[in-house]
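Structure provided below as structure tokens; questions to follow.
The letters A, B, C and D name the chains in turn, as written, and every chain counts its residues from 1.
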Amino acid sequence: MPKHTHDRRAFVRAAACLALAPLLGLPTRGRTQPPGAASEATELQRLVAANRILAHENVVDAFGHVSIRDPLSPTRYVLARSRSPELIELGDLMRFELDGTPVDERGRTPYGERMIHGAIYEARADVRSVVHFHAYAVLPFTISTVPLKPMIHTAGLLGAEIPVWDIRAEFGDTDMLVRNMAEGRSLAKTLGQNTCVLLRGHGAAVAAHNVKAAVLTAYYLQVNAQVQLQALALGAPKPLSPAEIAATTATQLSPLSLDRAWEYFCARAGVEPGKDQ
Amino acid sequence: MPKHTHDRRAFVRAAACLALAPLLGLPTRGRTQPPGAASEATELQRLVAANRILAHENVVDAFGHVSIRDPLSPTRYVLARSRSPELIELGDLMRFELDGTPVDERGRTPYGERMIHGAIYEARADVRSVVHFHAYAVLPFTISTVPLKPMIHTAGLLGAEIPVWDIRAEFGDTDMLVRNMAEGRSLAKTLGQNTCVLLRGHGAAVAAHNVKAAVLTAYYLQVNAQVQLQALALGAPKPLSPAEIAATTATQLSPLSLDRAWEYFCARAGVEPGKDQ
Amino acid sequence: MPKHTHDRRAFVRAAACLALAPLLGLPTRGRTQPPGAASEATELQRLVAANRILAHENVVDAFGHVSIRDPLSPTRYVLARSRSPELIELGDLMRFELDGTPVDERGRTPYGERMIHGAIYEARADVRSVVHFHAYAVLPFTISTVPLKPMIHTAGLLGAEIPVWDIRAEFGDTDMLVRNMAEGRSLAKTLGQNTCVLLRGHGAAVAAHNVKAAVLTAYYLQVNAQVQLQALALGAPKPLSPAEIAATTATQLSPLSLDRAWEYFCARAGVEPGKDQ
Amino acid sequence: MPKHTHDRRAFVRAAACLALAPLLGLPTRGRTQPPGAASEATELQRLVAANRILAHENVVDAFGHVSIRDPLSPTRYVLARSRSPELIELGDLMRFELDGTPVDERGRTPYGERMIHGAIYEARADVRSVVHFHAYAVLPFTISTVPLKPMIHTAGLLGAEIPVWDIRAEFGDTDMLVRNMAEGRSLAKTLGQNTCVLLRGHGAAVAAHNVKAAVLTAYYLQVNAQVQLQALALGAPKPLSPAEIAATTATQLSPLSLDRAWEYFCARAGVEPGKDQ
């Protein structure tokens, strides 16, 4: 389907699916929410938008996925069924226990790598959204010894340390996928209190306080990788200082910056942004 | 014609052509098929989709082609007439004997380089789809001494060895095209039991068990080339281990992965995916 | 919203807003104008176009902004509210005193970095348009020691010197943003009588005699950065001579060249060019 | 205007303009033509298509132009008025004497650099189409000492030698533009019997036997530059041999190859290809 037709139809479908959410077992009201959070329907709509944005901006291709912690239960998360992010709609969203057990399977096949999400939510109570992706500009840094560092103010939110996790170190030769909680927990341990972790020969994972921040971080991880690679060709690039990293992160994650970016990304991807209440 | 208009019309045309297939001499039923294979109509529709996907993803440009072994006869293959993959429709598909003789020419001009396909099918009973292409990111590796190696898990399916074939070694100065079975067989011999072969100053050929796998392999050959080039600039990149190559290949070629990618690529290129029965 | 639908609607909206301008407090006639200038309505329409062009050509992304000196008052400037340039419409335009005080706030949030604009207009009476942006190709030059120099005739208008301003030198660790007039004036001082200034780890600012020139300069700063980076990989590139820089600047800023580029950029971005009177 | 709308309307306009050609002073019949040539109406339609293709493939941007030798008079050429190639329609085409004098000016402003075209037609009776362009990937080779060489079979048609012309050598500091016949003839002299010439810090010119070949050559000059730059990063790339260059040129310029590429490029750019008679 051509992109724009697809996008136009998606509005209609999204609207329809939203109305159908209760019938589909996606509860939309009457539950307790964390203070300050958007409604659950809004959070789900934003998760759909996040999928489509990441695809539109080439952060993900056929593979990669994004989740949110379940707005209704901190011990669950919401993630699409096994389908490319470009094509995700509300009806594709599934709920999982932190150990990866589907709550509402209904014949849908989950992503094989959902343990990345569960293990990070398990280890990090502060995290409410996770993206796993293979952006091509990031991949060179996963197989080389040059550490990826925030070089530009829009990428300060990547954090001062971006560790690299090599599945082979603990699990030997595998198909490189994070397929069980042992592997997921090993990855989460390497992530530690950082925002980003690279997976050797594979990609990256980003852990953020909300889905808008997760999308913005994944996007600028890609931009920063390209800028750093080119700057290395020019010679001895200056990274941000630790204090600059802290200050630029606070700025990028402020509502002013985050909402401006979200409106922009949604418009480009042709998706509804998910209204604040 | 603008891409999206073209794509929308293509649905209509594809549907019409499918109905016309028997009239066009493209048999669609009543023949014996290999066990587990899709119907012949589906296989032809997928071949059209493969052409359009490869064009949409810039794996091919005005030049390049993709074939399948004839679903109705293992000693024949199906390949479009001499036309850019971006524009291929069902009515452009022709059948050839393995030596390149057209079975149903009807005034249509075949590709000059179809011998690449016939020679590989002749040498490799396991191969049911071949792509020949000149993706720009791959070309530098065809004229340099750095071997192209799978560096990322999505590219494990390229295989551990990617040999380079130089037409000049055996045939001297030519127009670089594989124009006869002697040249095709020389190329097939260099390919050996591998999945990919590079052609010096020319491009690549990919041999796979089905058309979805062929498209995915050609696509990630291009991605891996870009990643490897950039990683070389960072210094001493780590490739996948042989056991990782084997394991990631099995994963990428599983239906779960292959079908997810196929749905994604078809949606982006605006083509019907060709239904399973 | 898909790009093209967005663009088509934008025509309608632009037309409607233009009619509404007086009601919105955007005066459109009856004031004194500098000799040779376009009407104020035309200048505002061009500022909207400039926003959309810079977004379409990837000079800006979610962030970045472009302003004009107020056609009605040399001690004011016009700049959009805090919104991505891709989405800017006439109703988003605000007026500011040179010190950044909003003249017509009406509940709209201004850009945090508007001081870049005010400080440059304050220091440079010849400047009537300013762009601040983070084009990815330019960023490597902001963190390296290789000076960005005009290498090609279309980029002569960048000027012979492109200084780099590091906010840390005078203001220590910050969030890198130019948030007050002290910082803005420091930046304007480094800019001096040049056309372009780079901001370390941040981006660039361009100061020009009109909005068309500002857009063209920002665009070719990006192109020149890419060309110079690649030429450095080839070795010892020859820059333009000072006399060539002067002569090519005069040519690029002539109406023949500027209007040709403006028509082209507007057509690509799907915006009305703003008619000459 | 968004690309696709623009393209759709262009069909209508092109059709209308074609019918209006006689009224516009663009003769369409009754004159002697070189044997084997298309009709004049077809040649003009192809020149419009060439403009749009070169823009669509990013060979030209706001600047650059393409001409044909006048089908009705070998001492004249046809070139658009001063307008970006993306926007050219039949009514923009003008006729010039070889010295650049407009034949049918009618208030239209010609390109300042049209002398490139006239001087090449004057020096080379075999040339029937010329493109002048500033493709970004080509520019690094105009300011460095690494000679651009055909590295891939689709680029054999660039020819074995691609000389670099530096306007400063003979004319000192200028605005880099080829503004008179003296400069044009100097450039044509450096071009000699080759197909391509680079202009230092400026771009390239391509001289071909017909407009399809000119477009294909300009396109693959850009592709080859990118491939060669990347291959240099890998180390010591092998160029085509002189005999391979000759043989691949013959193949690429054969109707089979040229017409396939033309159909493809026209479809992508959304323009009518101009029918053979």
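The working rule: a contact is a pair of C-beta atoms (placed from the backbone, for glycine too) under 8 Å apart; a residue touches a chain by one contact, two chains touch by 3 or more.
Small disclaimer: the values here were computed from a predicted structure and weren't measured.
Q: Among the remaining chains, which ones contact both chain B and chain D?
A: Expected: no chain.
Q: Hey, how far is the Cα centre of chain A from the one of chain C, in Å?
A: Averaging C-alpha atoms per chain gives centres 33 Å apart.
Q: Need the CA-centroid distance for the pair chain B / chain C, whole Å please.
A: About 46 Å separates the centre of chain B from that of chain C.
Q: Among the residues of chain C, which ones contact at least 2 other chains?
A: 3-4, 233
Q: Does the chain-touch network form a line, ring, star, complete graph or other?
A: ring
Q: Could you please write down every pair of chains that are in touch?
A: A-B, A-C, B-D, C-D
Q: Across the complex, what residues on chain A touch chain C?
A: That would be residues 3-4, 7-8, 151-154, 156, 223, 226-227, 230-231, 233-241, 243-244, 247-248, 250-251, 256-257, 260-261, 263-265, 267-268, 270 of chain A.
Q: What part of chain D is in contact with chain C in the complex they form?
A: Touching chain C from chain D are residues 1-6, 61-63, 82-84, 86-87, 109, 112, 134, 136-137, 139-146, 168, 173-177, 200-203, 229, 232-233.
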